[in-house]
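Have a look at these structures, which come just after this line.
The following pair of complexes shares a single chain, chain A, combined with chain B in the former and chain C in the latter.
Then we have the complex of A and B:
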């Protein structure tokens, strides 16, 4: 029963990681860019949410309404001023640029918010739980998981059925050919980044509700998102979701074996997947 | 009818000056215990380690196209191996340095074989995961004192002068192998292949360069060179903890140095290391504000001036310190 509990908690934790991973899968799928500052942007949005919560009336829903547009704006600015200049075959400039941005952001947050850990005020959801048989399940983690499922399904549907989705898939397959058929790659890139960072806004609020955040937490979130994407299979939206579940379960099971082993177990499962099935669990067929 | 032959010119006036200066610096370094203060020797050790680690990253990112952000795995691992050999097995700590270099090579081989499956930017984060996995594993091993780290008590068996002499010799060897070694490799036939890979890996492969094998060899060599510097650095610190030895800041530092100095050249590594070293002395006290500036500087250089400071200097005139080109000169008879 202890293990079943670990698996359930792992899946719920995976819901959080899925929210980090979706944006990364989307951006890499389209632009072949990994934004090293991905986790730091998420933490930045969390900290803005924590600060806003003190002055904004209307609780968490208002917070979502306020933060997601800020996130989309940050995504747009990131695309316009940084990523558009480094999109290309050579991965070095985009890596270095976002790496520099990550260091600058982390230290900027340290200046503004200090190194303290912070969280959003507990509104009852964070501590509410219900019982399924002998296992207690927190209400908030279930909401996080359901949100992750809805976001994954929504993003998948957008990619499959909308004009933007077709353009995005075309641009990711062959940017030049897509441009010739009337797709504007820059607009596609900008929309993809805005969506990716917009999702991070939601993730940031959930992260601050679920646990605490501090300016130095970004790199760990980047690594979890990355591991989820690779375990699931590059370029697949549902793959990223599934990878996040696998990572969450691996960490929760490791944590039950020894409190020091949780995160390490996640890394080991990632390396094992890389060794045995490098294309990931749900690799897109080519 | 005039006949003529061709000669290949490989060194220039600037390079002969640079080599003479380099040799003088090495001699001065080795003589340091007899003319410098202990504080200055500590600075020299630090600068040598920074320079070596940065140049190894330069080989990886600047030539092999392998942008690693996980070199701290090799720094920490070699440091730990040295501490265990010297402290727990009673090996002479200075002899333990070369012995400890087996460890980074042993880690680099499986790391590369696993990570080569990842595409460009994903390779980078993959190296970071490996470094984190090694750090967390170390934190969970009681034999090496888990998260609390190790202290190199055996160093008290040596007088301060003996230690200083050993350290400057090790630093000179470190610079000879990492900087001198890089220069020799780049001047050789392998260097031609590496330069071709730097400019265009696909074209290099079509010219008969075995890109995969070259990348593998460079990855292992860079791991050993980085580990060498790590062993010296932590031996001088007398203490190592998982948080320090496997600190991702080592990766940040390499990236600052190489991007600011100029990627893909030894000159860039030297300029960048000197800039970083003095900036750290002058502005390090400003803490996070200083790091914001370093981060933004890296961002701006990646966006607008990819050649770094050395790239700007080269625009003023072509005076390489470490020329790796072959210039064909026609000699009239």
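Then we have the complex of A and C:
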């Protein structure tokens, strides 16, 4: 029973990681852009949410309505002013540019919000829980998981079936050929990054509701997102979701074995998957 | 004859400091099929890329339907009616045959229902593609992939089609099959620039011909009037080459 509980808690934790990973699945998995600032952007959005919560009436829903558009705008600007200048077949320029951005963002956040940990005020859902048989599950983690499932299904459908999705997959497969077929690669990339960071906006709110955030937390979230995408397989949105589940369960089970082992166990499972199936669980051929 | 649909005027270009084209004058009339021949490295692909916004050129070096278009972004030229079947096909790997086609349909200025070309018509032209429409393009043979590349370009509903060595690496039978559709394409009102290394093929399929050598036009004229000797001299250089 102890292990079943660990698996359930792991799946719920995986829901949070899936929200971190979806934007990464789009940018890294599909577009092959390495965004080192991924975690920092999420923390930035969390901190903005925490500050806004103090002045904005209307609770968490209002916060979502305010933060997601801000996130979309940040994503669009990130692509237009930073990433579109460095995209190309070589992933190194985007890596270097966003590495610099990551450090700049961390310093900026430290300046504005100081090193304190912060979280969103508990409006009740953060502590609400219900019981299934002998196991307690928190309401908020269930909401996070359900949101992650909905976002994954939505994003996957958008990529598969819409004009935007086809254009993005085409531009990712061959940017020049996409332009020759009438796709404006820069515009489509800007839209994709806006979506990726928009999802981070939601993730940022949930992260600050579930636990605390502080300016230095970004790199850890970046690693979880990277690991989820790679475990799942580049280019697969459901793969990233699955990768996040694997990571969450590995951490929760590891935690049961030894309280100090949780995060390390996640990384070990990541390495094990990398060693046995380097293309990932649900890799799509490209 | 009325004004050409596409023309270049002293077009120079290349890659960074490396100049590959030295003043190309070429024109293409509406509905016409011309060919551009030349040895490896003559500059044929560079010329097509320069027209198509993929390499920097001065604005008035390229005119399309009376307007200077040099340096216009590629995706905008597609909307104005220029399309390309690129060297090496450049299909979208990981996507199905039909998805490759739909990217063109999604972005064409003219909707599929009102355009000259639609999927049904192309499946009639290349019946094998109808059976393979749900297959990823990497599961197709080279000839079939070339058919997808041509279909994708046509679904942009072009008035000018630039074809870069569509016969390369294909079996003679497949080449015949692909060349057999060129008359259909031009009959639909699309003018074609055919880059080709096979001179006989180029002569048979086109009304006029330009020969390129080291970035310069060394010969031009009606395809059927040009003698083998003149073409050989222009193609390989030497004392008989005349600009």
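The rule we apply is simple: the second predicted complex is superposed on the first by the 282 of 286 C-alpha atoms of A that agree within 3 Å, B and C clash if a C-alpha of one lies under 4 Å from a C-alpha of the other, contacts with A are read in each partner's own complex, and residues count from 1 in each chain.
In the analysis below, a residue touches a chain if its C-beta (ideal position, glycine included) is under 8 Å from a C-beta of that chain, and two chains touch if they have at least 3 such contacts.
Please read all numbers here as calculations on a predicted model, not as lab measurements.
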Partner chain in contact with A:163 - chain B first, chain C second, else both or neither: second
Residue contacts with chain A in the superposition, chain B compared against chain C: B
Touched partner set for A:173, first chain B, second chain C, both or neither: second
Touching partner for A:108 - first (chain B), second (chain C), both, neither: first
Chain B versus chain C as contact partner of A:138, first or second or both or neither: neither
Touching partner for A:154 - first (chain B), second (chain C), both, neither: neither
Those residues of chain A which chain B touches in one complex and chain C touches in the other: none
Parts of chain C lying in touch with chain A, wherever the complex brings them together: 52-54, 73-75, 78-79, 83-84, 86, 90-95, 99-100, 102-104, 106-108, 136, 138, 152-153, 156
Partner chain A, residues of chain B touching it in the complex: 61, 65, 67, 69, 114-115, 117-122, 124-126, 128-130, 132-133, 136-137, 139-140, 248, 252, 255, 259, 263, 287-289, 291-292, 294-303, 306
Interface residues, chain A side, partner chain C - complex: 163, 166-167, 169-170, 173-174, 176-185, 235, 284-286
Footprint of chain B on chain A - complex, ascending: 28, 32-34, 36, 82, 85-86, 91-97, 99-108, 110-111, 219, 222-223, 226-227, 230, 234, 258, 260-261, 263-264, 267-268, 270-271, 274-275, 278
